[in-house]
Amino acid sequence: MTAPLEWYLVLSAGVFCAGLFGVLVRQSALHFVMAVELMLNAANINLVAFSLEHGNLTGQVFALFGIALAAAEVAIGIGIILVLNRNFDDIDVTEAVTMRW
Amino acid sequence: MVDVFNVVEAIALVPLVSFLLVLALGNRMPKKGALSGIAATGFSLAISLLVVLDLATGGEVYHEELFTFVAGDGAGVELSFGLLVDPLAALMLTIVSLISFLVHIFSLGYMNDEGEIGLRRYYASLSLFTFSMLAFVYSDNLLMAFMFFELVGLCSFLLIGFWFREAGPPSAAKKAFLVTRFGDYFFLVGVVAVFATFGTTAFAGDHSFIVEATHVLEPDATGEMNTFLGLGEQAWITVVGLLVLGGVMGKSAQFPLHTWLPDAMEGPTPVSALIHAATMVAAGVYLVMRMYGFYALSPTALGVIALVGGFTAFFAATMALVKQELKQVLAYSTVSQYGYMMLALGGGGYVGAVFHLTTHAIFKALLFLGAGAVIIAMHHNENMWDMGGLKSRMPVTYWTFLFGSLALAGIFPFAGFWSKDEVLFETLQHALSGEPLLLVGYAFGLLAVVMTAFYTFRMVYLTFHGEPRTDTAASPEPIGWSMKFPLVVLGALSVVGGVLNMGVLKDFIGSENLFLKKWLEGKTISGELGPLSAEEYHHILESDFAAGYEVTELSPLGPGALALVLGLVGLGAAVALYRAPEPTPHMTKLGRIRTLLMNNYYLDEFQVWLATGVTAPLARAANKFDQSGIDGVVNGAGSVSMFTGERFRRIQTGIVTNYAALLSLGLVLLLLVFGFLGGWF
Amino acid sequence: MTDFGTLPDWAALGPALALGFTALALFVADMVYPKRPQRELFAGISVTGGLAGLALSVWYLVAGTGQAESGGAIQLFEGTLVVDGMSLFFATIVTSVVVLVTLASYDYLVDHPHQAEIYSLTLLAATGMVMVGMSNSFVTAFIAIELSSLPSYALVASLKENRGSIEGGLKYFLIGALSSAILAYGISLVYVSTGSLQFGAVTEALSGGVGGILGLGIVMILAGFGFKIAAVPFHFWAPEAYEGAPGPVSAFISSASKAAGFVILFRVFVDVFPYEVVEGTVDWVMAFQAIAIVTMTVANFAALRQEKVKRMLAYSSVGHAGYVLIAVAALTGEASGAFVLGSGMVHLMVYAFMNTGAFLFIALAEHWGIGRRIEDFNGLATQAPFACGAMTLFLLSLAGLPIGGGFFSKLYLLIASVRADVALLAVALVLNSVVSLFYYTRVIKAMWVEDPSDDLEIESQPVGLYTALALAALVTVLLLPGFGIAVEFANTAAKLVVP
Amino acid sequence: MIIEALLAFTLASSMLVFGVPDRYAGKLATGLSAVPLLGSLWMWSEFSSDGNALLADDTVAFGNTVDWFRFTFDTYEWTLQWNVGVDGVSLPLLVLATVLTTLALVSSWTPIDGRQSQFYGLMLLMETALIGVFTTLDFLLWFVFWEAVLIPMYFLIAIWGGPRRKYAAIKFLLYTNLASLVMFVGMFALIFGLGDAISTLGFAEIAQALRGGELSGFAGMEPDTLRLFAFVLLFLGFAVKVPVVPFHTWLPDAHVQAPTPVSVMLAGVLLKMGTYALLRFNFTMLPDVARANAELIAAIGVFSVIYGALLALAQRDLKRIVAYSSISSMGYVILGLVAFSPHGMGGATFQMVSHGLISGLMFMAVGVIYNATHTRMVGDMSGLADRMPYAVGILLVGAFGYMGLPLMSGFAAEVLIFIGAFESTVIGGAPLFTAAAMFGIVIVAGYLLWAMQRTLFGEFAVETDYEIGRAPLHDIAPMFVLIALIIALGVQPDIIYETIQNAVNPLNDPLALVVDLGGELR
């Protein structure tokens, strides 16, 4: 059985918006990163789903790359968040405002 | 004999050389350069006399282009320098160099012996002055005339402001230059207009602008000219004439531009003599004579000239009545006398004008130099009420001064009588044939005669007669030969000057003995004087396409007698009032009027007001507008940008979440816009 | 002209490979000397690598690899990579920046604990940037972009004890992550509607008609690139990142990374989404016109009132992104694509040198430790006339005065916008370049006109930084008379891309 | 090649001067600047061609053309050329520039007492740019030098200037830079309108194409509209440089703040760049637009004359007075240019040279007085003639030169302009415009004499406690040179005027316009 493709789109859009929402409201750096992950995965949903539709593997391959890159991104992110915590004793992204205007 | 015309340029150039010499090494020269000046002017005088002699004995008019100033390259008009030595110019050259020569000599006593400093500057300026004036006199076109006209103005500025360490002279110098500059503005417009109208400004030659203009107006119009602003030909000629007249009125101190002349008394007295008698002031009138053929074409212009002249003659005389300083009286008399010349020119009395110019040059120079002698004697105190009784103490000065005064007052048989009479007579001649303007001018002239005689002898009596009223007057400083010599020469001349043209007696001596008339009509020279001759002028004056004057034949004796009587009346009045050991200041009886006259009708105040009360505020307003208005906009743009910048930086709040929000906002915005444009939904 | 039959096709990737292998070599070297960092060795290796890359790309460029006259673009790996004039042109830009930056780092990192890492991260990022220029499919493009971004985050944050550096890194990272997510989603939508990610294939698929989904995707991709080139409103990370990062790093990301962003932007929008095809759905020329105007205006005006020189330069580099955007914003029907695009490319080339130079001067100032505010530069010229002279040169060239190539490249952009008949664009460019002239001269004034404060004095004249400055200055000046050559390459390269 | 040689040498010597120690810089720079001076004088002596370089071929002297780089656009392909050469318009200005530079350098010895090597280096750098401006005949190349002038000027004002030097310098820089860009846009609109009609951006080619009526529309503008549009942009761009009221406000600030030698260059040469460009572009390339709007332009010129003079009347700072009177004098140039009559254009060009010399003289004299008294305010001093006779004498000469005293170049220039303007057939009501403009000569006499009387004459008194002594010879000498030149040109203008006329007269011929575009030709 196959669900209509539109549903996938709707789903991915939903996930994307959820992620964006998270980005906008969460102050903790970790949550921020997680939210971004959500958005990336939204993209992956599209890719995988439509790779089936289009009958080529490009989408799935790209999805894999996407996951890998997401991992790398998180790795860097965690590192930065660590030093952030070391310097500002906090991982609240809205605290680091020594530079502005 | 070597042809004198080969060296005629030298008449002006030698003084120029002397100027350069004195300027370069004046302080190392004997008498601080006075001698070189004397030598130069003496040389000029000699040459001029030779020229006169030559012309009187059948020489030819000398007219030649010296060099090209701007070639014009075929496309534009050509600007050039040239020489024109006709009888008029020759006469004027002689007068100028003579007066200048004597003034130089006089200065030896007046400046050197007084131990003035800055003599190098003084003599350099004098030489330059002489050079400019001489060059002006023999220039053969209007532009060249204008250029040296201006230089004359410059020199008068330098000389009037000679004592620059005091407050008065610099201001007087500035005034003199500015007022004449104002006149010269119109003159320059006129020059440019002549260029644009006729394509040439030559005075003489077959295609001089004067000839062209005549040909244009003649019934069989053969000449060519452009007119502007949609004016007719005669109208445009009138306009041009009046424009040039502006310069004349400035330099010759005609109402209302006469105000600078009395102030110019701040300069050293010899300079005053030079300015008043022969150079600066004479330049204006001479210019009208130079292009008389042009003015003769326009009755309107002539009328204006006559009226201005007559009025000035009267107007200035009134002010001279009440002055207390010796030189002030003389100054106003100068203004008045030049008024006569203008009156004559306007009234068609070309010869009379030239005649009066000549005699006036002599006796006015004499009077000023005499006054200078008195001033030296009085230790630079000029107030006549502090003098008196100098007659016995400085006889030479007295007698010469007396002759001068008689000439000025127009008493028979002194020079002034003949010339002034000529002026009035010729004006009357044309006036009676229905020229109301001229009649008015003539009336003014007659009134002025009385007053002239009066103030002249008021001056004489206050200065020389009665008892000394101060110690200095009691024991005046003696003056040297260098001052006496010029006085004697001029004194003699002002006695006999009249023989030049005894117009009053022409019925007895016959008109062939009116030397000046013959001279100016070119009877003495070989070849035709053509459009430059007095005859031609009268011809034009009386032809209908031009001024259209008519001559009413009447005997000169009547008017002559009338003028003489009036003069004697004035003289008598003066004698009656001031012939006392201790004369009383009668003029105070005039009360209000006297104050008005003392203040020269407040004309100076009016002009000062024009400058400080009108122009200056205007300038300040413009400046304010410039600073706050225009520049305000410029700087305002700057501050606005700064403000915007300040706002824009604030967008960068530093909080990363806001960044994310703004970023997404921007994205959404783009999406919506293109969603609608692209019609996605 | 070299005949390319002799070399295998993959050799065309030379520049990228050179950089990549250098990075690896650095790791090795670091492993060999774990304890005491070998400044000379590390710097030497990276500079050599950079030079190698530069040499290769210039050689290829001159030899005409992938140019029309030598058989057109070289496609590799099923056409997921492409080497043509444009990619080589940008490879040249990136590699030259790398050379300058690594030279400068030699002094800048003098007592930095982890030098090898920094060098290798720089080179890795550079590899990514070169790859961006060579990528011919959304997959490779995305990967390459990430490869250039991720090391950059780390580089910005590499001063672990410096709050500014950390903060900058954080912001750069967070915004970057967000943008890459958006980019990825956009790409996925493109895939959704076309079923392929290879550029050529996508373009072909477009002929089947363009739908809203695709439009959505295109706009999101635009946003993703917008982050990379720091165009308003995707620029917010830039001021902090540039200000916080170590001097050489700021120089690197502000010049090279921006260039990388632009090359992919050019390629994708000019090549993959041809204006005439997608016009109906997404009028991207209009979008870029709006973005360009907003970018240059906001950035330049914000720069007016900055106190810190580095932050001011950061804004100026955002502003220059706005100028370069004219290259795509002026691609209206009339204008000659090759010329407009070429103008943008050549401006990036000149900009790479003058902007890098300026930031390196800041690095020098940080190295001297004379403070970051404009007043701190007062009278610096009395102490270091040469360096200040170079800085003046960079700034005036950035302002577009005829002392460096910046003069011509800016005029070319102006000409382009005049030609494109987008009055607003031209007006904005003129006004903004005058505004920028004002704030650039503030620094110049401080250095030359103001009197030095008493405690100002310079103890050292680091050889590496000075060499880098001298090189940058030299090239900037030479690009004035030699502008013709640069613009020739740009135009020919652009011709190939523009349909 | 002589021109290249001059450029190269001047540039090289400026670099050299940057290097030498401060105490040698002055003399060295002066010595080096003698070379371009002699070079340009040699060019003068060798110069023999006549005609306008933009209107006809083989009228360019010392010309040299080398392809620089291609400039491909759409279907067009324009070659940018290294294209230099001089004609009767540019050569006098070139000589003016070199002469004034050398004299200004000498006059800097006293006032410039710090960072000399930088100062003299920058001066030579500016001379290089100026030589370039007056000798290049390709638009982009010319624009390089045109803009390059700004850089040294900015530093010269900002570093060695007066109290408000920074403000003045940045104002000058921004204002003129904005103007240049505006002008550039206008010019390229024209170039695109010409399209295939031209193969290079050489002045001559553009001018001939435009006068030949080969302009096609651009950006939705009809040719006529485009001409007007471009003309306006160009005029705006140059009006700032000239400066024409109301774009003049940078000038007084720059002049007053700049040190004496820089003011000399600014008034003497930089302002002439504006009028030179107006002549080259607006009045040579788009004469029909100029003719069609002659009254408006003439009115602008007249207004500049009177307004500038009025402003000068309201100033107390001697330098400001001279600065504002420059605005007035430039107004005459505008009037002369738009007259399109033989003496109009020639007189205007002659006035550029003459005003360069006279204003240079004035600024130097004021500078010398300032060096002695450390004040320039009328009212802070009086009777200076008592203590510094030479400087005062020179100042007087300069002042009378400004007033247009005959036998000095100023008079020749002005009277020529007046004649030209008066008989202009292009300006409707020309006599009235001329008469109005001429009233400037009265006002100028007014404020100059007023200032002279207050400062130079009367009892000696100075507000400052400095010892007032005679000025050193090397301050006075350059001014004597200027006086000599001014009088020489005043007595015999044809020394340069014939050359100028040969070059500008072709511009007056309406028939030279092949077809009539934009307004009927008058």
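Structure notes:
In this document, chain identifiers A, B, C and D correspond to the written order of the chains, with residue numbering beginning at 1 in each.
Everything below uses one rule, namely that a residue touches a chain if its C-beta (ideal position, glycine included) is under 8 Å from a C-beta of that chain, and two chains touch if they have at least 3 such contacts.
Not measured: the values here are computed from a predicted model.
By count of C-beta pairs in contact, A-C exceeds the other of the chain pairs A-C and B-C.
Measuring from the average of all protein CA coordinates, the nearest chain centre is that of D.
Annotation: 26 Å between the Cα-based centres of subunit A and subunit C. Centre-to-centre separation of subunit B and subunit C, using mean CA positions: 78 Å. Centre-to-centre separation of subunit B and subunit D, using mean CA positions: 38 Å. Between the Cα centres of subunit A and subunit B there is a gap of 98 Å. Under the contact definition stated at the top, the residues of subunit B that touch 2 or more other chains are 649, 652, 654, 656, 660.
The set of subunit A residues touching two or more other chains comprises 23, 93, 96-99. Counting partners per residue, subunit C has 170-171, 174, 178, 182, 239-240, 438 as the residues that reach two or more other chains. Chain pairs that touch one another are A-B, A-C, B-C, B-D, C-D. Touching subunit B in their complex are the following residues of subunit A: 20, 23-24, 27, 93-94, 96-101. Residues of subunit B that touch subunit D in their complex: 67-73, 75-77, 79, 143, 146-148, 150-151, 154, 161, 164-167, 169-171, 173-174, 177-178, 181-182, 185, 188-189, 191-193, 195-196, 226, 228-229, 611, 615-616, 618-620, 622-623, 626, 630-631, 634. Subunit A makes touch with subunit C in their complex at residues 9, 12, 16, 19, 23, 29, 32-33, 36, 39-40, 42-47, 50-51, 53-54, 56, 58-59, 61-62, 65-66, 69, 72-73, 76-77, 79-81, 83-84, 86-88, 93, 96-99.
Residue ranges of subunit C in contact with subunit B, taken from their complex: 170-171, 174-175, 178-179, 182, 211-212, 215-216, 219-220, 222-223, 227, 232-234, 236-237, 239-240, 280-283, 287, 298, 301-306, 435, 438. The touching residues of subunit B, counted against subunit A in their complex, run 649-650, 652-657, 660-661, 664.
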